[in-house]
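For clarity, chains are labelled A, B, C, D, E and F in written order, and residue numbers in each chain start from 1.
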Amino acid sequence: MSKKVIIIAPHPDDEILGVGGTIARLSDEGAEVYVIIATKGYPPLFDEESINIGRREALEAHKFLKVKETFFLSFPAANLDSIPSREINDEFAEIFKSIKPEIIFIPFNGDIHIDHQRIFLSALVAARPNNLEFPLFIYAYETLSETNWNAPYLTPNFVPNLFIDISQYLDKKIEAFKKYKSQIKEFPNERSVESLKMLAMLRGSTVGCYAAEAFVLVRGFYKSEKKIL
Amino acid sequence: MSKKVIIIAPHPDDEILGVGGTIARLSDEGAEVYVIIATKGYPPLFDEESINIGRREALEAHKFLKVKETFFLSFPAANLDSIPSREINDEFAEIFKSIKPEIIFIPFNGDIHIDHQRIFLSALVAARPNNLEFPLFIYAYETLSETNWNAPYLTPNFVPNLFIDISQYLDKKIEAFKKYKSQIKEFPNERSVESLKMLAMLRGSTVGCYAAEAFVLVRGFYKSEKKIL
Amino acid sequence: MSKKVIIIAPHPDDEILGVGGTIARLSDEGAEVYVIIATKGYPPLFDEESINIGRREALEAHKFLKVKETFFLSFPAANLDSIPSREINDEFAEIFKSIKPEIIFIPFNGDIHIDHQRIFLSALVAARPNNLEFPLFIYAYETLSETNWNAPYLTPNFVPNLFIDISQYLDKKIEAFKKYKSQIKEFPNERSVESLKMLAMLRGSTVGCYAAEAFVLVRGFYKSEKKIL
Amino acid sequence: MSKKVIIIAPHPDDEILGVGGTIARLSDEGAEVYVIIATKGYPPLFDEESINIGRREALEAHKFLKVKETFFLSFPAANLDSIPSREINDEFAEIFKSIKPEIIFIPFNGDIHIDHQRIFLSALVAARPNNLEFPLFIYAYETLSETNWNAPYLTPNFVPNLFIDISQYLDKKIEAFKKYKSQIKEFPNERSVESLKMLAMLRGSTVGCYAAEAFVLVRGFYKSEKKIL
Amino acid sequence: MSKKVIIIAPHPDDEILGVGGTIARLSDEGAEVYVIIATKGYPPLFDEESINIGRREALEAHKFLKVKETFFLSFPAANLDSIPSREINDEFAEIFKSIKPEIIFIPFNGDIHIDHQRIFLSALVAARPNNLEFPLFIYAYETLSETNWNAPYLTPNFVPNLFIDISQYLDKKIEAFKKYKSQIKEFPNERSVESLKMLAMLRGSTVGCYAAEAFVLVRGFYKSEKKIL
Amino acid sequence: MSKKVIIIAPHPDDEILGVGGTIARLSDEGAEVYVIIATKGYPPLFDEESINIGRREALEAHKFLKVKETFFLSFPAANLDSIPSREINDEFAEIFKSIKPEIIFIPFNGDIHIDHQRIFLSALVAARPNNLEFPLFIYAYETLSETNWNAPYLTPNFVPNLFIDISQYLDKKIEAFKKYKSQIKEFPNERSVESLKMLAMLRGSTVGCYAAEAFVLVRGFYKSEKKIL
C-alpha cells in the first residue's frame, strides 16, 4: 500500500482546521502527506500582499507538520462556481494519478462556502473507482466557520462517523494554526485558537480520549492487499 | 401569554446538561420554570440510596436555578419501552393542562437512550395542537453522552437551528451541574464539567457569543396574542 | 432590538404568496418591513411592459401592506445560475448591513425555480453569524407553484416548523395578491386566489387557528438583549 | 390482474380522510374495494356506545362508497405498542392471502399516532414480495390531525409523489365523511369538513385539477401481466 | 391517453443501461417510445470519430428496440454546468409539448456526473404540472458507473420504489447494449455486460421475478381519463 | 490491538449473507472471529427440529469459515419487540466486555425484520464509547430478503460506504451458505445462491474488483495505538 495521503484545502488554513492533528500524526506514523491548496486569491477581490502572506503561512505550517509537498493550484478563490467543474476534476485527477494516495481528505459538501461544495464534488469525480489506483479512503473533514453555518436539515449536515485520536498532536495542530497569523480571530469567533482547541477536545470526549479530529467517511475500500485489522 | 416553561428530563441531570443555562436565564427574565423528571430508578436496577441521592441533587440544582416546581414521575428508568406510550402521553398531557406552559423543552428523539426517544414522542403527542392551550414552542435539547452516540445518518441527528445566549449564565449552569455530584465524571468523559463548558462555548462561538445552548425547533406558533418581534 | 424585517423575493409576488399576511401583521405590530425584489426581467425573455407592470404592482401591494421600502435589484430573472453567487451574496450583505434586520424571510432552497435556490444560498451566506449585526432569525417561506413541484425525498422538502397566525390578516393578504393582476391565474392553477386562501386556512387548521403562514426555521438566536418569552 | 384493492385504516374514518375519494372512483371503475378497520376501542378507554357508533358509521360510509366488504379486527385502539407486531403482521397477511389485492393503501409511518406507525410497518411485512401473490402497489395516505403533527425533519415526513384525481368524487368523499357524525369537528380543527375539502382542492391544484388525493408510493411493481401504460 | 413515452439520456447508452428492457417491453405493449440524447461531444474533449460512432451505435440500438424516434440535442457533453439551465429546460419543454408523452424516464439527480444532475432538474422544470399536457409519470432510472459513485447519505441516494419486470426482455436489453461496442468494458468494470445483467437479475429477485429494471417515482398522476387499475 | 471481531446475527445464516466472505478473509488474515446468534426459535412458532437444524447448520458453516466461537443466545426469534431492549443491551455488553472485539458487524436498522432493527439498536448501546474497551469499528451489513424490503426514503436505507474485497473468498462464502440447506431458496428468491453471488459481484464491480461485501460504517475510531495507514 502506498502510505501516501492527500489533503485538499479550498483555501490556505482549511487543511489545518480540519486535519491538522491528523497530518502530524500521519507524518509521525511514517506516511507521506501532501496538501493541495485548490484556489488562489486574485485582485481586486484579494490584494497581492494577502495572497503572498497566505501562501507563506501555508508553507510554514506545512513544514512544521512535515508535509512532504504542497500543491498550489490557481482556481479563483470565492469564485469556483464560475469555473467548469470538469476543469477542477481534471486537475485533481492528474495529481491523484501522479501521487497515488491511499487516503484523501476533502472538505464537506454541506459547508456554506461554495468553493468547499464544488471541491468536494470534483474530488469525488477525480476519485471515482474506475481505474486501478483510485484513493481507497475518502474522508470529509469539518471546517470551523463554514460547516456550522449552512441550513440544518436542508443542506447536507456534518455528523461524524470516523474519529482519529490526536491527543498527542493537539499542541502541534494549534501551533500549526498559529502560523496562519493573518487568519486567526479572537474568541468567540469560530476561527479562533480557543474554538479549535475546544472542538478537538469535545470530539475526543465523544469517543473517550483527550482530543480527536472527526470525519465523515465518504467511501472506504479494503482491497485484498490491505489488511482489515 | 403564560410566561411558563416546562423542561422534561428523562433522568435527573438531563435538564441541566441540555437546558441549565437557559433555565437560569428564563428565571431571571421573569418566567416560571417547571421541571418534570419523568422516570424513577427501581431496584434491583438501581439501589434505593442512589435513587434518593438523584432526587435530592435535582432539588438542590433546581432550587439554585430558581425552578418553581419539580414533578417527579414514576415511570421506570431504563425501561420505558416496557410502558405503553399512551400512559406517558397522558401523564404529560395532564401536567401541560394544569400548567399551560408556553414553551416546552424535551430530549432529542435521536438520543441513543430509549427513554429519551420515548419521552420525545410522548411529549409531542401530549403537545398536539388540538386544543386551546397547547405549548406554543417545542424545543429539543442535546444531552452529552446520549446525543452523540447514535448512528450518523441512520437515526435522527441533532443539528441545531435555535441558539440561546447563556454567556451570563454559564457559571450558573456549571454550578447547577456540580450539584449532581453523583453524576459527574472526569474529562474526557462527555459527562464532565469540562465537556459541558466547552460545548456551551462552542455553541456560542457558532453564533458569535461567549456561550450558548443549542436546540432543534420542533414546532413554533406565533398566535395572535404573541408579538413576533 | 431593531424591529426591522426584510423579505427577499426572487420575483415580484413571491413575497405576498409566502409572507403577505405576516407582513401585514408585522406592520400592525410596529415593525419596519423591507422587501427586496432580487431579480429583474430582461428582454427578450421578458418584454419591457411586463417588467414595468410587475414593479408597479409590487409597489402597490407593498404600499397596501405598509412596507417601508422596496429594493429592486437587477439580477436577471430566470437566469441566476449564470451569475456568480458571490455577487448576489455581496448585494444582500450590503443591504443587511445598512438595514440591520432582526428577521429575514427567504425563499425555500427546495423550490423548483433555480432563482429561488440560488437566493436561499446567497441570503444564508450574507446572514452568516460572523459579525455583530447579522439577522437573528431566518425563516424560509413556501411559494405556491414552486415549492410543491420539486422532487419528493430527492430535493429538500418543505415541512414547516414555524406557524404565524394571520387570521386577522388573510383578507389583506388576498387583497395584496390581487394587486398583482398580471400574475393571478384561475383555480385550479396553484397561483390563484382560491389556492392561496385555502393554503392559509389549512396551515391555520394545523395549529388550530383560522389562517396561518408556515415557515421552516433556518436559524434563530436569542441573544442576551432579546427576551425568550 | 385482480382488480382488488384493500385500504387499511387504524381507526374508523381514517380510510375516508385519506382515501375516500379514490375509493369512490375505484368502485366506479369496476374495482372491488375492501376496508380493514384494524383496531377496536375497549373500555375503559372507550365506552361501548362510542365503539358501536364508530362501527355503524363505518358501515354506512362504506356502503355509500360501494365498499365490497369491511373487516373489523380486534387490536386494541391507542394501544398497538402493547401488541407484538408479529400478531398484526400475521392477521394482515392472512387477509392479503385470501383477497389477493393488487393495491393496498396504508397509513403513513410518520403519523404522530403510534397505531398508524405500527400498522404501516406490519402492512409492509405482510406485503413482502416473497411469494406469488403479494400486492403490486403500496400507497401510504395522509390523515388530517395525524400526519401534520409529527416532528419536521426528525420523523418521516409526508411529501406526496402520487396524485389521484378525485374532482368528480369530492362530493362523495365529503358525504362519506359526514356519515362519521361522531368524528366531525368544527373548523379550524383539522378533522373538519372544511379542512378535508380544502386539502383535496389544494392537492388537486398542485397537479392542475379541481381535487385530488395524494400519496407516497412505497413500492410498485409492473409484473409482466400488467401493462405499463 | 397518449401511449407515448420519452427517455432522456445525458449521453448515448445511458438510456439502455437504465431503461433498455423497459423500452423493449413498452414497444411490445404498443407504446411509442422516443429517446432524447441530450448532449453532444465536442472537440477537443471528444474526437469527431468517437462522436459519430456514438450516434451510429445509438441509432442501431434504438432501431433494435423499436424506438420510434431519436432526438439528438447539441448541449456540450461533460460541460452542462456551463450552460444556463433555462436553455435546457426550454428545449425539453418544446419536445414535451410536441410529443405529449404520458411517461418520461430521466437520469437520477444523485448520479455523480454533473450532466445527469442538470438534466434531472431541467426535465423536472419542463414537466411542471402547470399546463394541460404535462407528463403524468416521471421515473428516475439508475446508471451503472454513475449512480453508485456519489456520496452515501450526503448526496441523493437511489433507493428504488418502482420495479418493471423485464424477464422476457433481458436478452434484448443486453443485445441493445452490445450495439454500443465503443462503450462496453470488461467485468469487473460496472459498465460491462456481466454487471448489467446481474443488476437486472438482482432487481428482479427483490420482487420475485427473473429480471427487472428499478426506478424512483418522482411524480405520478392518475388523471380522470386514466384508470387506476 | 485485539485482532478480535464479533458478528451479530439475528438468526442463523444472516452472518453468512452479510459477512460470510469477510469472515473467511479475516480468519485468513489472522483475526479471531466470533459469532453471536442472537435469537432462538420457540414452539409453536418454530418446531424443535428446525431449531436444532438451524444451530447445527450454523456450527458447520462457522467451522468451515474458521469461526473461533459461536454464542447462541436465547432471545425469542421474530418476537424481539416483546423483550425489553435493556436485556438485549446487557447481554451484548457482557460479551463485548469478555471478548473485547476491535470490530463488530451488526445488522442494518432499516431491515424490514423487527429483530434486525432491535439488535442494531441494542448493539449500539452495548458499544457506547463510555469505557476503555469499546469496539473501535462498527459496520452494519446488508441481508438479502430483509434490507431491500423496507420503505424507500421513509425508513433508513442501506447505501454502503465501506467495501471489503472478497474476490478470493466468494467461493467460500457460497460454500458456507450452502451449509444452511434448510434456508436456501431457488432463484429468483433473494435468499438463493445466485442472488448472493450476484450481489457480491455487483458490490465488487462498484469498486472495480471481482467480488466484495458492502457495509455502512456506523462509527470508527483510530485510537492512538492503531495506525491509520
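Operating definition for what follows: contacts are C-beta pairs under 8 Å (C-beta built on N, C-alpha and C of every residue); 3 or more make two chains touch, one makes a residue touch a chain.
Computed from a predicted model, the values in this text were never measured in an experiment.
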Path length in steps (a step moves to a chain that is touched) from chain C to chain E: 1
Shortest path length from chain A to chain E (each step joins two touching chains): 1
Between D-E and C-D, the pair with more C-beta contacts: D-E
Length of the line joining the C-alpha centres of chain B and chain E, rounded to whole Å: 50
Chain centre separation in whole Å, for chain F relative to chain A (CA means): 34
Between chain F and chain E, distance of the C-alpha-averaged centres to the nearest whole Å: 36
Overlap residues in chain F, where contacts from two or more other chains coincide: 129-130, 149, 152-153, 161, 189-190, 206, 208-209, 216, 218-219
Touching residues (chain side chain F, partner chain E) in the complex: 148-149, 152-153, 157, 159-161, 187-190, 192, 194-195, 198-199, 201-202, 204-206, 208-210, 216
Of all residues in chain E, those that touch chain C in their complex: 84-86, 108-110, 120-121, 124-125, 128-130, 140, 156, 216, 218-219
Residue ranges of chain C touching chain B (in the complex, touch as defined): 1, 3, 5, 22, 25-26, 29-31, 102-103, 129-132, 134, 161-165, 167-168, 206-209, 212, 217-224, 227-229
Footprint of chain D on chain F - complex, ascending: 78-79, 81-82, 112-114, 145, 149-152, 154-155, 189-190
